[in-house]
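What follows is a structure written as structure tokens; I'll ask about it next.
As written, the chains take the letters A, B, C, D, E and F, and residue 1 is the first residue of each chain.
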Amino acid sequence: MRYGLLVEGAPYSSQASHSALRFASALVARGHRVESVFFYHDGVYNASRLAAPPQDEPHLYDAWRSLSAEHGTQLQVCIAAALRRGLLDAREADRHGKTGHSVESPFELTGLGQLIDLGREVDRLVTFAP
Amino acid sequence: MILHILNRPPSSSLAYRDALAAMDATDRLLLIEDGVLGALTAQIRHFQAIEGRLFALREDLSARGLEGQCDASVQVIDVDGFVTLTEEADKTVSWF
Amino acid sequence: MSSTVDFSGDLLVILRHAPHGSSWLREGLDTALVAAAFGQTVSLLFQSDGVLALTKGQGAGPLGQKGTAATLDMLAMYDIESLYLDPEALERFGLGEQDLLLPAVALDAASLPRLIAGHRLVLTF
Amino acid sequence: MILHILNRPPSSSLAYRDALAAMDATDRLLLIEDGVLGALTAQIRHFQAIEGRLFALREDLSARGLEGQCDASVQVIDVDGFVTLTEEADKTVSWF
Amino acid sequence: MSSTVDFSGDLLVILRHAPHGSSWLREGLDTALVAAAFGQTVSLLFQSDGVLALTKGQGAGPLGQKGTAATLDMLAMYDIESLYLDPEALERFGLGEQDLLLPAVALDAASLPRLIAGHRLVLTF
Amino acid sequence: MRYGLLVEGAPYSSQASHSALRFASALVARGHRVESVFFYHDGVYNASRLAAPPQDEPHLYDAWRSLSAEHGTQLQVCIAAALRRGLLDAREADRHGKTGHSVESPFELTGLGQLIDLGREVDRLVTFAP
């Protein structure tokens, strides 16, 4: 089946990101396809390329990137939720006159419409909230 | 059948009340994360209306050292069981 | 709730949080508006503390935080006309229909599961 | 006197129970943010044990359009009153 | 709780959240350890879901999340020996002293306000 | 009197930052001194220089900077909570091999010990949680 995940919890603050990653790997192990993870609310903080967790803890940012690289899962970040929270890609940083950016590929800033499309396309959309 | 997913315990949050109100007689409820505290025998009364349709995620129970306290009426499943529940359900609804 | 009411639609957004205290309510309403703009039929359910989104007299926060009352006015413009509320939640706060900005259909206990079953996608905020 | 500050409503969170358990007979409780929902007449029973020592922040009530529904037993204060409460208290404890 | 117990100290850290589900418990324990390292006398109160921090048999999460059980072992090293718990919370989960990793003093209802009054600073997590 | 504030909520996600800023301005208007705001838990996200909120909403990052500039309030960010959440100043970015940074003056990354010192120094420490 085709799955989408909606992640709304900040990494490390709540277990939502861990649960979603764990569920995603169980899905692909069973032969399902994880089309996309959509990050909304504080979930957008998962997209920060600057995260530097302690070495003895899971590196959530890298885990998302691996999911994307190994299984073609899109990592979509709600742009409205992201901008106000300081998650900007190079283009948005430029547009807002900021030097430096915090979001880069495979994470992509996108509109809420992508969440609606995802909900329409997949067989199951599962939400992981804080 | 709809799979409802709850990550808050009835010991501190009333979210379980909204989840139960949303369930029909065939729906299932899966307790995950801190929600598994509701699966303990001492807390299980909150879920008596859905006996037989209550599940709890094993790895969240065991990380908290609570597998032994889980009520016998709860169906303890691993993450593959979580996947199966979502396959069998028409859709999922998360409560937090 | 008459059993002849049509509970079907593409997306049901369940709003469970009060205005101002968190961004959940705003983010739920934004999701509903965008879905409607994308041509989906959208229903809203105001449940638990979310019923307070409907109360009259809401204003800005002390730092100028906008709140969500103005967004409610936009629902009709986006053809979001299926508004439901949990009457128990309303009663919990001592509120009645006369206190609300917009009319919403009070759901009885049997109708809530039907509402959820009738929508392809259900998102809670 | 200790000032306790609560930002969660009793309609969805049980945090108020822990705050009340921590208060002695002279302590005060200030409701702020979503906590002001507890100040409504229909919710005030949760705080009857501390009648006369319950406060609510006016601007949080009014942003939510709830000033008219606030129970008469609650002392509604503006942010300067919040400052005064902290001046008069030996310390503050926040519950969430 | 005998009234002769000394409830005074510099910092009381109140732990109200369960392990693993959020970072509150870890951040509260870290605060306690740092305060002790800075020479403060620190007391801990396990309240509400926070009593689950004390249960035996805790482990890592499925992604290798460490949890907080190991941190409890460090409390004695940092001379944090005033551990209290809310017995009602323990009972709420059907747990007893035999289920706990560390002994903590069960507070009666009258003692909790005294514990709070006895510390210069009280932080809740 | 001398006050310290402890802010634990992410900006925009919860009202905690708004409440703390509002309380801080009432404090200084009454002649009190706000020595420091300590950011912990998701409060550390307040320190992101990249935040780009909509123009019709309060700009919380700028409001913190104004508080610091006008009243000498220190803005201290728990470094352990910050690093794992992607809040790095130039020095930490360098140390962790990241190009670009998200935290700069007047916000400063500091240890939890500063929170303990703050609690010892001030007459009142008030916590604003999410």
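We adopt the following convention: contacts are C-beta pairs under 8 Å (C-beta built on N, C-alpha and C of every residue); 3 or more make two chains touch, one makes a residue touch a chain.
Listed by chain with UniProt protein names: A, F = Sulfurtransferase complex subunit TusD; B, D = Sulfurtransferase complex subunit TusB; C, E = Sulfurtransferase complex subunit TusC.
Note that the structure is predicted; figures quoted are calculated from it, not measured.
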Any chain in contact with subunit D as well as subunit E: B, F
Chain separated most widely from subunit E, comparing mean CA positions: C
Inter-copy rotation, subunit C to subunit E, in degrees (Cα atoms; steps of 5): 180
Interface residue identity across copies subunit B, subunit D - same or different by half: same
From subunit A, the most remote chain by mean C-alpha position: D
Geometric centre distance via CA averages, subunit F-subunit A, whole Å: 26
Between subunit B and subunit F, centroid-to-centroid distance (C-alpha), Å: 38
Distance between chain centroids, defined by C-alpha means - subunit A, subunit C (Å): 27
Two or more partner chains touched - positions in subunit A: 12-15, 22, 41, 57, 125, 127, 129-130
Per-residue overlap in subunit D, given as positions that touch at least 2 other chains: 7, 11-12, 14-15, 33-34, 59, 79, 91, 93-94, 96
Multi-partner residues of subunit E (each touching 2 or more other chains): 16, 20-23, 48, 61-62, 65, 120-121, 124
Those chain pairs that satisfy the touch definition: A-B, A-C, A-E, A-F, B-C, B-D, B-E, C-D, C-F, D-E, D-F, E-F
Parts of subunit B lying in touch with subunit D, wherever the complex brings them together: 11-15
Residue ranges of subunit A in contact with subunit E within the complex: 12-15, 18, 21-22, 56-58, 63, 130
Complex contacts: residues of subunit A adjacent to subunit B: 1, 3, 14-16, 19, 22-23, 26-27, 29-30, 32, 124-130
Partner subunit D, residues of subunit E touching it in the complex: 14, 16, 47-48, 86, 109, 112-114, 116-117, 120-122, 124
Contact footprint of subunit E on subunit B as seen in their complex: 7, 9, 11-12, 33-34, 37, 40-43, 59-60, 62-69, 79
